[in-house]
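Following are the structures in question.
Note that subunit A is present in both complexes that follow, paired respectively with subunit B and with subunit C.
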Partner chain A sequence: MTAYIIRRLLSVIPITLGVLLLVFLIYRVIGGDPAARLAGKNATPAKIEQIRKTFGYDKPKFFGFWVQKFFRAQPGAGLGVVPVSGQTVWEFCLNLCSFRLAVVSASGQTGWNFKPAQGATRLAVALPDFDARQRYRMEFRVEAPQGCSLRVLLAHPGAKPENQPIILEKSLSNNARTFVTADIAPTVDLDAADGGTAQVTVEITGGEATVSALQVWRAQSNPFDSQFWQIVSQFAQLNFGKSLQSNQRISRMMADGVVPSLCITTPIFVIEFVVAVALALLCAYYRNTWLDRTFVVISIVGMSVSGLVYIMLGQYFFSFELGWFPVWGFEGINYVLLPVVIGVVASIGGSLRFYRTIMLDEMYQDYVRTAFAKGASQRQVLFKHVLKNALIPILTNVVVAIPFLYTGSLMLESFFGIPGLGRMTVDAIYTGDEPVLFAMVFIGSVVFVIANLITDLCYTWADPRIRLQ
Partner chain B sequence: MAFSIQRGLGLLFSALTICAAGCGPSAAPGGKPGEMVYYSEGGDIKGFDPAKASDVDTALAVYKVYEGLLEYDYLYRPYRVVPILAESLPEISNDGLTYTFRIKKGVRFQDDPCFPGGKGREVTADDFIYAFKRVMDTKNYSNGSWVFAEHVVGVDEWTKASEDPKKPTDYSRPIPGFEAPDRYTLRIRLLRPYPQLLWVLTMQYTFAMPREAVEFYGDDFLNHPVGTGPYRLKRWQRNYRMEFERNPTFHGQLYPSEGAPGDREKGLLADAGKPLPFIDRIILYNVREYYTWWQMFLRGQIYSVGISKDYFNKVINPDLGLTSDMAKRGIVLRKEPQMDVYYIGFNWEDPVIGGGKTPDEVVRHRKLRQAITCSFNQDQIKQTYASRMIPSAGPITPGTTGYDPNKIYRWRYNPELARKLIAEAGYPDGKDTRTGKRLHLTLDMGGAGDAETRQLGEMYVGFARAIGVDITLNFSLQPEHWRKLEHKESQMFSAGWVMDYPDAQNVLQLWYGPNEAPGVNHCNYKNPEFDKLYERILTMQDSPERTALYQKMADMMVEDCPAAFMFHRLIYALLRDWVEDFKPHDFPYPNVKFYRVRPH
Partner chain C sequence: MTDTAANPAALAAKPQTLWSTAWRQFRRNRLAVVCLGIVAIYVAVFFYAESVYWIARIRDVVPSYKVTDFAGRDAHPSAAHWLGTDFAGHDNVAQLIQGVRIAFEIAILTSAILIPLGFLLGALAGYFGRWVDTAIIWLYSVVDSVPSILSIISISYVVGRGMKGIVIGMGLVVWVGLCRLIRGEYLKHKQRAYVVAARSLGAGHLAVMLRHIAPNVLHIVIITFTLTFPRFILTEVILSYLGVGITGEPSWGVMINDAKQRLWLGVWWELGGATAAMFFLVLALNIVGDALRDALDPKLKTAERPAA
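Let's turn to the complex of A and B:
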């Protein structure tokens, strides 16, 4: 039994990893990073890059020995280097694992035309936050006629222009496209290691050329230093971080929101359960009479009407017209009553029908017939036998619903101004507030595993035939 | 037994009814007798850190508590700035590079536990410099760093130095452009003339902030505002309700005695010279559903409400006035043209509709863009929007110098011209002469699922179909829409710009080449001639010459067509007539201190 519980609790780990991965795929990989949104409407590219760095959005998504670096490329003064723009290539592979496959530059430009008037043409590539102790790699494709030669020069931050070591020299032998990789080795010269802007110059002599697919990468010693593992390690320490939208600590937002949510969902849950089971027993007792049929009709009608209708009508008549309840707010018990009543009314139809079916299923079992044959009264059979045996499906239905108590009721919370978690989650979806979503799915999956465990334990209690191993 | 179940249920229901009846009607909790309370909708806010107050709702909250050197004149038009924590407008050196402010003496921050003894300290020039540094600190990722970046001597170096993630930012390191020669003097030195500085100094990013509070509260500073303003935060239930009360140590301000023509007749000057603020308490609710908001307004629980499209016909009569039913309830209508512009942008790097590479392409693509612009029927949009917009003729927004409501451009709705232009662009009847295929474009719109956006999108599709062009609509949530723009992935996109200050430079930056995506130039428009003009106007003081240049640049925009300018919003809102001294304002953030609530 204990081993079983521990085993089930351990399954929290793969499950939370799985949901975090799913949310990560949806928001970060497909949706891209939220840096531009955080930077606001007056943002400059440099500002966005700063934010990307602050939040770690510049790291590889999952795994990678190389990190793509932001750079600014400027044609050398007075010479004929013209930027060429082109189609953006799908960045997916690049984003996932930092495989150096995709062909797109971080600046969005795909290439430059070198049209020398005389002598050499130069393209200056500025690398901000250059760390000279790290290894860098620059890659690009060159298309040039026979007889052209190419040099790549490097100026460390603060270095004098004449003091530029040549890191690559190459003569371009044919007209085909050549893929050039220039490695920038780390240096121990600590004066140069002070994070400034380094400049790499691509120089082409001897003809018209095109440089495209320029990318700059920085080596990283720990390949797992990535966005996804950053999130995982953060959650492993139960640190939920801050909301991008409200800047508040998420743990605090959840603590603030869980009580109002439970104030609504718990009474709805309990009342609905008690009332639905009671009515279901009543229906089973008077099965196939007008009473039973009336409840069936009522529950089907109740299921068919959208919850929104109950909310809007209820709010309009009871709060606005009659003034029995406040229209909106969360100040005391009378603010909660109407949403709870509406919540119960809106959801009871489905549960009543479900429980009635279960009860009736049991009513036609052999043991019920035996009980009746032995002379047990209708009431005894219903409460002693049927209710107890119907508990298993009821338990499944009830315990599985528990995790949803904490997520709150979105519609009721929105319309009645209950500052709960339902509203918070939906806002987070609309505004792309991914830290909040990560936290909600994380808590959700943990609560779900625990609720499932409780269901299993309840089964053994309700049905002695079941043994957990 | 069945009987007892029934009785139990009966008890349950009767218990509910008794309680419901007993709880009685509940209006918004009223104030003490004689107290003036203002109730309103407050929206979601990002906390009370002025450096991060980048949206309207947050700004509205922050301005109640914090103040800056200057603010907009409440009544006077065209807009001008008046001193608030400054003693007077600054002395500006002849070269326009040095601004010297004298700071009001005796202004104190509100009392707060962060100060020794809990008593608010006097505001000095250093509090402004500290606030400016916070905005420029990368670790704060403030959206306001643009207000000083690349303009003030030494700020960019300071920002750079704050980037190191391992070291905490060194606030003792000076920024040469911000100097405090004595306690009450603040000198700002600029790299180049920056006429917009006076406008930006009214913005929340530049508000005086006590270092004690930031250090005392740390991460929680955003929940504990400590300012000099007319109000202080009394209680904040996040996601639900905010309550402000009069700041007892407010330095005092008088209601303006000079207004725009007509203000006296409207009674707006009746309170001239009286001490502000009038209202004692402000209660802001965070209401999400418009339906609820509307009911609360009619019950008098909040004092103003916007008019959603669905309610428009109920409230507004065909002459665009208030229906008599509404007027009888003591409700007044506000119509406010907004200082914003909404447009359809064309991606300049797009091979079909962009700037073009060869001279022939440049001309044909321009004609194509003009043709599409000419196919958009702004009057029909206006009808669908129930007149809640003003057709736009260019980038310059209403309320800004250079805006001319009577200006009519050649490239406006004109189906014949559109058909002619599209033929000249190489697509007669929308079919490519080279391939014979119909021209197919995509238009990206944000606000997915929003019925109004969809309706608008369908309208654009219809307009383009009339000249034979197929448009596919892509709706996405706002973050995704942003991402596409940032990555230059859109071909055509809908976008809008709300002005930060009443100066057309603010909107013209949207087409300045070096601001290309991921910057604000989402069209990725590049025109050296435009860029040169833009660089020129950046350093020019307000003058007829500069206004002429603004208009010239706007004309260039419309001619070259990197965007089809569609409309400026015209907001209809309702206000209870017991709110007095109310004047619409494009920068209404601090204005609640001017309002008065008549007993009702």
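Let's turn to the complex of A and C:
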């Protein structure tokens, strides 16, 4: 028994980590670049880069020795660089440049064309916030005719332009695309100032060439300095970050939202439970009669209407047409009544059917037959035997519903203007407030995991059969 | 003609399959047969709507249900437009018919993700047991720990609004129920005599899993499809309300949301039409699904608490 409880308690850890991993995968991996999503459709690369830096999206996702860096390709410094087509903005930060270059060139080619000018063509790449003590890596693809040669030169911040050490020299032997990796070793030279802008020049001699898919990386010594572990450590300290929209702390917003949510969901939960169990007992008592069948039909009919329709019609008739309840707000008891009634009506069908199935399952058990055989009355069997045994699945269902008390009802709260967690979530979806969504989904799941844990512990207490396992 | 009961050869000539007994059982439930008829009507409407959509697309013209008529917008029900017109003069009945198409497309595409995923993982977990089982149980416990509506919303939001987001969102979340059921069945079946016989005759694991056991658990897939279909329809409405639903096409969720504002002006038929169209399909599917389950596998427990 104790061993079981300990085992059950420990099992919460992998599940919680798994939930965090899942939510992380949803928000940071499945949907592509989160920074681009937050910045909106027509955001400049500089803005995306800024978001990426603020939220740490430039770090490796789980594990890695390299951090992707921001850079600019500059027009003035690159002698002989000709943009492929009539682009106007010349300052690109090219973190995902294979993508962005494709946008730039209208001719369908990716990359810049280098027209031969005075023997050599150069492309200048500026690296802001350059830290000379770190290792950098630059990767790109070159397409050039036979006989071309390539050099990569580096100018540290503050160094004179003519003082450029060559960090890579290569002859391009064939016409195919060549993948080039240039490593910039750290320097201990104290003159190379920290924090300035370094300039890397790609120089190609001997022909017209195209450079594409350019990326710059900076080495990091701690490979676990990544997005996922950052979130793990933050969430472990109950720090969920700040809302993008209101700039409030998310933990604070959640604390504020819990009470209004509970005001709506607790009455719904309790009323629905009592009514549904009572009706289910009634159905079990009069099983296979017209009364039972009527309730079954009503509950299936009730389940088949969208919750949204209940809310819309209820609000329209009772608040607007009849004026019995306020339409919007959260200022007193009468603001809560209508949402509660609608919530109960919308969800009672499913619950009734569920509890009825449980009761009827029990009705056909052997012990019920025995009870009838020894002469127990219908009522005695129902209340003394069946209800007691049905309590276990009922308990599961009840505890599993508890997280919904917390997350509140998304629809109800946003229709009736109740400032709870449900409305907070809906608003976050509308405004694209991802940190809030991330935290809401995660916390909702954690509450669920804990509720499940409590159910299982209650089982061992309520059902002696489980203790034996 | 001789009596079949007296003639064993005649009995042997007509074996009773699971499906034929199930069909006899199903037929006895008259309400379910009526509902099956309703579903059949919806399927016919689905094919009609699909043909309207594709003919317009192949001819490269604006389909009839999308032709705007701002002069006749917000019309009341009349002989020409049985349920009136919407804010851009689209006929509401034509839109409802297209809603059938969207609902079926969502259900079919989502099931195309959900069924292989749930079936395969469930089969692997149940058949191989040990660490495979542990890993898959962990996976579905994790997915199941996130309140399903929140995870569906999150995935749809991240993937982007439209059919793709809805389908991926629901497909990647709803497979858990099927996976559980299939896992339980494989656990049961792998100890049966026919599996042991197949193994001892030299059948490989894959062959046993897919050729021998799979046909015996396939009915669960059909039951699950019928019983999750209503869930897809109802979830689509919520997603549309949250602004991560279908765009550019008239789905029921979109219609209900569009009708939201006009309801306050007393325009009830638009909302009523969409609700009714949805209601009959969901109701029929629920009843058919229950009857199918009772006929095919009475002991199967699919009762799940409906998400808020």
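To be clear about the criterion, the second predicted complex is superposed on the first by the 356 of 469 C-alpha atoms of A that agree within 3 Å, B and C clash if a C-alpha of one lies under 4 Å from a C-alpha of the other, contacts with A are read in each partner's own complex, and residues count from 1 in each chain.
Here, a residue touches a chain if its C-beta (ideal position, glycine included) is under 8 Å from a C-beta of that chain, and two chains touch if they have at least 3 such contacts.
Owing to the predicted nature of the structure, the values given are computational and were not obtained by experimental measurement.
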item	value
Subunit B versus subunit C as contact partner of A:Ser246, first or second or both or neither	first
First (subunit B), second (subunit C), both or neither touched by A:Arg37	both
Contacts of A:Tyr430 with subunit B and subunit C, given as first, second, both or neither	both
First, second, both or neither for A:Phe273, with subunit B first and subunit C second	neither
Partner chain(s) touched by A:Val309 [first = subunit B, second = subunit C, both, neither]	second
Subunit A: partner with more touched residues, subunit B or subunit C	B
Touched partner set for A:Trp229, first subunit B, second subunit C, both or neither	neither
Which of subunit B and subunit C A:Leu282 touches, first, second, both or neither	first
Touched partner set for A:Phe24, first subunit B, second subunit C, both or neither	neither
Touching partner for A:Phe383 - first (subunit B), second (subunit C), both, neither	first
Residues on subunit A lying within both footprints (that of subunit B and that of subunit C)	31, 37, 312, 316, 320, 430
Residues on subunit B engaged by subunit A in the complex (per definition of touch)	1-2, 5-6, 8-9, 12, 16, 19-21, 23-26, 29, 44-47, 49, 52, 54, 138-139, 141, 143, 145-146, 149, 163-165, 219, 222-223, 237-241, 285-289, 291-292, 295-296, 298-299, 301, 349, 351, 477-480, 482-483, 486-489, 497-498, 500, 515-520
Subunit B partner contacts - residues on subunit A that touch it in the complex	31-32, 34, 36-45, 47-48, 50-51, 53-54, 85, 87-88, 108, 129, 195, 245-249, 253, 256-257, 271, 275, 278, 281-282, 285-286, 312, 315-316, 318-320, 323-331, 333-334, 337-338, 341, 379, 382-383, 414-417, 419, 423-424, 427, 430-432
Of all residues in subunit C, those that touch subunit A in their complex	138-139, 141-143, 145-147, 149-151, 153-155, 157-160, 230, 234, 237-238, 241-244, 256-257, 259-260, 263-264, 271, 275, 278-279, 282-283, 286-287, 303, 305-306, 308
Touching residues (chain side subunit A, partner subunit C) in the complex	14-15, 18-19, 21-23, 26-27, 30-31, 37, 300-301, 303-309, 312-313, 316, 320, 347, 350-351, 353-354, 357-358, 397, 400-401, 403-404, 407, 409-411, 425-426, 429-430, 437, 440-441, 444-445, 448-449, 452
